[in-house]
Amino acid sequence: MIIDAHAHLVAPDSLYAFRALLLADGGYHGIDPKISDDALTEAAAGNVAIMDSVGTDLQLLSPRPFHLGSSMQPSRMLAPWVRANNDTIARTVALHPTRFAGVGALPLSPDEPVLVGFDELERIDELGFAGVLINPDLHEGRGNTPALGDRYWYPLYEKLVERDLPIHIHSAGCYSGRETYSEHFVTEESIAILSLLRSDVFTHFPTLRIMISHGGGSVPYQIGRWQSEALHPSLGGSPDAERFETALRRFWFDSVLHHPLSLELLLRTVGADRVLFGTEKPGSGSALNPDTGRDFDDIKPVIEGLAFLSEAEKQAVFEDNARTVFPKLKNHEAR
Amino acid sequence: MIIDAHAHLVAPDSLYAFRALLLADGGYHGIDPKISDDALTEAAAGNVAIMDSVGTDLQLLSPRPFHLGSSMQPSRMLAPWVRANNDTIARTVALHPTRFAGVGALPLSPDEPVLVGFDELERIDELGFAGVLINPDLHEGRGNTPALGDRYWYPLYEKLVERDLPIHIHSAGCYSGRETYSEHFVTEESIAILSLLRSDVFTHFPTLRIMISHGGGSVPYQIGRWQSEALHPSLGGSPDAERFETALRRFWFDSVLHHPLSLELLLRTVGADRVLFGTEKPGSGSALNPDTGRDFDDIKPVIEGLAFLSEAEKQAVFEDNARTVFPKLKNHEAR
Amino acid sequence: MIIDAHAHLVAPDSLYAFRALLLADGGYHGIDPKISDDALTEAAAGNVAIMDSVGTDLQLLSPRPFHLGSSMQPSRMLAPWVRANNDTIARTVALHPTRFAGVGALPLSPDEPVLVGFDELERIDELGFAGVLINPDLHEGRGNTPALGDRYWYPLYEKLVERDLPIHIHSAGCYSGRETYSEHFVTEESIAILSLLRSDVFTHFPTLRIMISHGGGSVPYQIGRWQSEALHPSLGGSPDAERFETALRRFWFDSVLHHPLSLELLLRTVGADRVLFGTEKPGSGSALNPDTGRDFDDIKPVIEGLAFLSEAEKQAVFEDNARTVFPKLKNHEAR
Amino acid sequence: MIIDAHAHLVAPDSLYAFRALLLADGGYHGIDPKISDDALTEAAAGNVAIMDSVGTDLQLLSPRPFHLGSSMQPSRMLAPWVRANNDTIARTVALHPTRFAGVGALPLSPDEPVLVGFDELERIDELGFAGVLINPDLHEGRGNTPALGDRYWYPLYEKLVERDLPIHIHSAGCYSGRETYSEHFVTEESIAILSLLRSDVFTHFPTLRIMISHGGGSVPYQIGRWQSEALHPSLGGSPDAERFETALRRFWFDSVLHHPLSLELLLRTVGADRVLFGTEKPGSGSALNPDTGRDFDDIKPVIEGLAFLSEAEKQAVFEDNARTVFPKLKNHEAR
Amino acid sequence: MIIDAHAHLVAPDSLYAFRALLLADGGYHGIDPKISDDALTEAAAGNVAIMDSVGTDLQLLSPRPFHLGSSMQPSRMLAPWVRANNDTIARTVALHPTRFAGVGALPLSPDEPVLVGFDELERIDELGFAGVLINPDLHEGRGNTPALGDRYWYPLYEKLVERDLPIHIHSAGCYSGRETYSEHFVTEESIAILSLLRSDVFTHFPTLRIMISHGGGSVPYQIGRWQSEALHPSLGGSPDAERFETALRRFWFDSVLHHPLSLELLLRTVGADRVLFGTEKPGSGSALNPDTGRDFDDIKPVIEGLAFLSEAEKQAVFEDNARTVFPKLKNHEAR
Amino acid sequence: MIIDAHAHLVAPDSLYAFRALLLADGGYHGIDPKISDDALTEAAAGNVAIMDSVGTDLQLLSPRPFHLGSSMQPSRMLAPWVRANNDTIARTVALHPTRFAGVGALPLSPDEPVLVGFDELERIDELGFAGVLINPDLHEGRGNTPALGDRYWYPLYEKLVERDLPIHIHSAGCYSGRETYSEHFVTEESIAILSLLRSDVFTHFPTLRIMISHGGGSVPYQIGRWQSEALHPSLGGSPDAERFETALRRFWFDSVLHHPLSLELLLRTVGADRVLFGTEKPGSGSALNPDTGRDFDDIKPVIEGLAFLSEAEKQAVFEDNARTVFPKLKNHEAR
């Protein structure tokens, strides 16, 4: 069975028109989104067709991250917008319960404690979601959100451990004027890994499960830099310190990389037991690769073709690791 | 001959004590640094010994980037500090003219035009420096410097092209509270590449030569993402657009990666004609790798051991590419 | 013939989904909106049906003001968004050229000169628009845009006079946390009138034509206050000054008031030759008035029922004044 | 008996010279104002003469609002300044106890809790004041004070209900650069009404009495807009919601409008039982109206001439409503 | 003849009430001050009586500095306020032309070029003023005005030299929360001296005459510190540099010190040819000194009693130096 | 015995290179300073030689104040830097226990409570330090630290009284662009005195001992101004108030003035029992005075030559007062 651990909601225009309305009226009027069953059914069917075309059995659906808008002001617009996304996911899952599972977002907002997201967290847990999508840069490139190693995030970690929900790390928009949102994804994934490893989060929350998007940003590629730092006395390290490559395996990573060499580097560096098949399809990788005749994000054949992986390792990547990280997937029976 | 295209000044404490003095007095008193010949001779000799121990013939010496302090306020402290660094490099080169060549910094400052660096640029050109080190994030993590594709930088590009001086891209400090300076290096290198490729800088300055530090940040690893974007109509791309992997080869990259798999990915992705041997040694990679018994930054043996590279390619990496990018190296005769 | 001088575009969700996309990607990707002919045809037909139901022959269509987003940052999102609105209006007018005429918006942005709107101004003039909609509070409640009497606006006035295009004053969103956008409309209309009358704009641009929305905000109701101030030496006035009620008649006003007593006060105060029939229908007045059994914004019967107006005055309000203010309406033949 | 519910202190220059002194010395020296009995007696007598000339028996005297200076920084200047105003009112009332009653101000300051005004509130209550003047925009046009519906104000409402003191809503200065203080009065009165009706303040404080200045700003004139919104599902309303015109009658309004049509609209819209005679005389309405030969603010004859009002209604406007809103007037016996 | 080179306007309350009015209405209404001839005559006569009581023949009158309000926002309030002060001085001088001469203020404003003061400068020169009072801290303790050595001030120096008008340095209010205005006077006088001596102002404007208030702030007392710095190589000085005590004599100083030991230190340090008799009486020194039975600011007897001064030196201090610095005093004949 | 109550650490370059390193890496890596015993021994011996040359027996050594960096951001750099200074002092004292005693700094930081300095305070007390050096302007010229009279400082005063440790007031750097750090010293000493005397600190902490640097800034010289203010009713004073010259004697002052007239004024004004011998040598006064052939800061002969002082008074200045203020000096036996 092929589980795509990183995919985003395919929704009708009316969902995004709702966001535009919220932004326009500043959230004063407290109006609900209007997404018709017909439009939603059509959108979901389109996505299932894409899945079928590339052989995906089950997708973990989260909101489109670049649409999350964590830094929207006034922040009262955030809760209805996030709720609208999660609800649309829940309706989509309900339409195809064996093909989709939900990963929900939370209305976390810059300069507010993480507690503001707890109501929605409880709500989506009750709706049967399998995990939460966390944007580590709530300022979306316009300020300095405390990094994930900061105590700011502890109440959320505690809550997630308590409810056995994993985190999918994925940044949202970026308005710095220096990076596009897509570039920012990579930056934020790297910061997420490195700030968490500099902290004692895993000491306090040893059972917390975190999946980093897009193959871990820059970290697997730049690993030599961090291996040395960990052992370097002039950089606060020590020859006796835990090796960085060991510490790095506290995380899981998805395979949204679109390039065979990168996938190979990732799998060799963190191990096949730490990589989840993910495509983000349809999405930014859905352009035709002229060299292969397939979309860049059609990476199932690429992984299947990696000779250095055993069948058991491929099975782990395609299915088992996802079940380890997202145990609530058991509620979504295979077709 | 082995040319290390990315190395930083080894200087006595008195250089850094001078920075502390500048910061303390706010630059009011206009005092010069006091770095004795003896101390400098000892520091330089130490570095030569390290080079000998790993087989480096010639190093391109630039100021320690994390000490650059581009965002120091009041900004009048910047010019004397940068000058002190460049002067110490010039003195070091003068002590060992066949072992060192200079790559100078400029006193560019946030919220000031690049013209403020021109006096120093002319000065170091006259001192025989082979290139300039540019920090693309003058705010050092505390603001939004225009990205390298912005017109802000054009007068500098024009000047560098005119004087046939290449750029070594290397960010400096980082005070965002989210990234260490070392993590920020990777972020900034990625932004540098992507912002330049989104711009028309290479159209206006086709002869501008730019070397990106640390193997290009995250870009070679995340290349699939950018390959797809370039061809993706929904992301402003087009199936007929220039391929990203082609565009990427407008840059040169140094080999400061410290890990064999990463070096391999870099060389396969951008080509051996675009990679310059670089170690940043002594530096953050100078910790002992327990797996090899050598420091992480002792990567000459690693490159020599890459079976997929021809001898001509290795010669390109170790020497020829450096001579292409830094033609003024011809003034530094081999021993 | 009944001309509704104040009405807004009825557009499909896909227009607003485009705004959400722009906001999400920060305008980096330069993508065009996707509004299908079918969806647009359906939306336009719906509006024509509404017009027929209340007896309107011709509507002046402008973008939905609360969706204008003048203060969006980064401001590069503004131009494509405004263009998308104007284009959708132009397509709607093209579908029903005898029922609609266009009033376009400009991508004016806080802290940028009005020149940034000139390209779009020329474009919509060439597209045959009859006027421009100006939001006098470009900061949308989050800053202090120069009031309309300020020299900031002069280049725009000059351009509009040159092209014989009138201004429809209508503020956009409001994010102050103190007013809803709807409350802010009234505030901004009042500021527009009073700042212009405190300035010498009409001395410099005697042929500039300005229509104030919603019956002039608070000004006709609070007129006694301003009549006294104009004549009051302790407030900078003079017994010999121009009477305020005279000065006020430099403007035109639309009849979007939804209440008979208010309409009567407006017409008696500024004169029937200065009031244009306007309904903003469908819009915020489109709720059923239980007292009349008609929508609040169905005000044609109310005006028809005002006994103190002559037939000629009613004709002026319903059609002639609109033709005076918007002479380019002559391009839209009556059915 | 004619009670003028909205009038401001007529004080000698020495009161305002004290404000200038406070501003100049930043409030450091803790000096008291020096207002001689002679000067005060003369000022008060002048006001009594004006009252006699227009037939006013009793005035409710509050500080000149545009002199209140709520946003003065450092805020320590505020308390002595407000106290000086209230004390001068108390002295004036003591000179003519049957002609004046006091409405006091509080030293509320932006970014400080309303508690900072409680000492002065208790003090003026003990001095026998009949109500308090509240400026709802403590930032005076330079920031976003929480609107009156916000919990920020609740401790004050609680305290006022406890002491049975009504609120007179009247903004103070305005330094936005867009509105004069006088224009800002109208804006703030409108915001006050609408923010309170959007909130649940009257649910929590059903006995709170609030008088809005200047005939309610723009609200009675724009009432159709709000009637529709309350019933409009797309704006958060409902056909079953309380009618806006009903809700509006939770407030009282003064008659400071200076124009017969406006007075008529006000009285017909909110009812004669909700309007208090008020003139703000001498003040900004004290210019000669060339059409009547009387000052604009001499409106007693205007109200007396409104044929649609019964005698009982006129009596309510001229006296009874004031006694309902300000019950402590009973301490000021008629002459 | 006794000339008091440092005294401030004694004005009626109505002048300061005008400032309060400006602050309250934000300067919108453009109203003029109302200072009656009677009140002004009484105030001036009071001051003459004080002068007679301590033996002063002629006073140089400038506006009360702590009332100057340089940092008032919006800055449009500044020009009418400064003009009102200068006009009141001119009227006072006109009343007693042999007892008073004017030193005028300029409406310089933070963040605006000094050019904004030129109209008033020309006006007071034409009115016959003898000098200008300059507040070197236009931000009044809330920001960093360029110090007097900065090029910011050059256009003003040029203008003053051209018109042969001297500068009286005297800071205004202080709202830092750390210093009272009175403490700030001393700080600013010290900064004025030291920043000018660090600059090349006297090289460019060798004929510029500057009088520093209050005996030069801290500088004469702390002179050893600056003498050493000038000669200290580690502080940017040089053993061959001009001696500080020589450089210091480029300034003139007034004698507003109120203490015999301080006066002695001043006179011995800068020389009797550089000190002008000044009392600032009536002012902050006008309290009774229990030890002498005279006010602290009655310092004529103190200076007369200084045994180390020759009669010629006393004559210089009491009259001649004032005539050197303020040559236009010749227009004010002795009585 | 000659005790120099105001002297600063003479340290090797490596101490200041450590500060530069902290600034460069933002304090992330938590590295310790590397100051070799040899270098420190040499530096200390150099200082002892200077002491011997001018006859000083014992110096109170504190960190170089202009190097303190209180306003460094991020503030986490402050604690290791201050600790490095205090540790270097402790090592220096340990090398010459009869010649040096320590006065330590605390890592107080702008916008943080004084509690952040308590750990270091306890640590240096246990290390045997004799007092603490307090910088009253934690913002170093870039903001408004609460003045010393503010409640902000109370917890620190309480702690110091409890441990019987005196305060040495000495400001640090200054980055206002208006004052050099050296000029700022004088400003801050004056503010310290005046803000404390305006407060009730000495009422709450009658046993708190405070030594003001550099002869009390400007206060002894400007004393007449403050004597008058204290007795002046219009300035908040009273003829019955405590005399300023009495209040001033609550402080102690050091003799770092470098000029005989100033020393005389100080001693006559505050009394010989309130002045401690101090030289700040080697330091900014260590330039050769051409008039005396001795350094400006060699002031022992100056004091010895003051004829108006008795021998007992000189003994007090040279030794006894220091023992009163710093009782823990008893732990440092004389040689």
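By letter and in written order, the chains are A, B, C, D, E and F; residue numbering begins at 1 in each of them.
Keep in mind that, in the parts below, a residue touches a chain if its C-beta (ideal position, glycine included) is under 8 Å from a C-beta of that chain, and two chains touch if they have at least 3 such contacts.
The UniProt protein names, listed by chain, are A, B, C, D, E, F = Amidohydrolase family protein.
The structure presented is a predicted model; accordingly, all values stated were derived computationally and were not measured.
> Just to be sure I understand the contacts, which chains border both subunit F and subunit E?
Chains in contact with subunit E as well as subunit F: B, D.
> Give me the chains shared as neighbours by subunit B and subunit F.
Shared contacts of subunit B and subunit F: A, E.
> Looking at subunit A with subunit B, do both copies bring the same residues to the contact (over half shared) or different ones?
Homomeric contact, same residues on both sides for the most part.
> Measuring between Cα centroids, what's the chain most distant from subunit A?
E
> On a C-alpha centroid basis, what's the spacing between subunit A and subunit E, in Å?
Once rounded, the distance between the two centres reads 68 Å.
> Taking the mean of the C-alpha atoms as each chain's centre, how many Å separate subunit D from subunit E?
Distance between chain centres, rounded to whole Å: 44 Å.
> List the centre-to-centre spacing of subunit B and subunit C in whole Å, with centres computed as mean CA coordinates.
A distance of 56 Å separates the two centres.
> Residue numbers in subunit F touching 2 or more other chains?
In subunit F, residues 28-29, 177, 180, 235 touch at least two other chains, as defined above.
> Among the chains present, which pairs are found to touch?
Here the touching pairs of chains are A-B, A-C, A-D, A-F, B-C, B-E, B-F, C-D, C-E, D-E, D-F, E-F.
> Note which residues of subunit F are touching subunit D in the complex, please.
These residues of subunit F touch subunit D: 234-236.
> Name, in rising order, each residue of subunit D that touches subunit F in their complex.
28-31
> Can you check the complex and tell me which residues of subunit F touch subunit B?
On the subunit F side, the touching residues are 12-17, 19-21, 23-26, 28-29, 64, 66-67, 69, 73-74, 173-175, 177, 180-181.
> Considering only the defined contacts, which subunit A positions touch subunit B in the complex?
144-147, 176-180, 182-183, 186-187, 190-191, 194-195, 214-215, 217-218, 220-225, 227-233, 235, 237, 239, 257-259, 261-262, 265, 268-269, 284-290, 295-297
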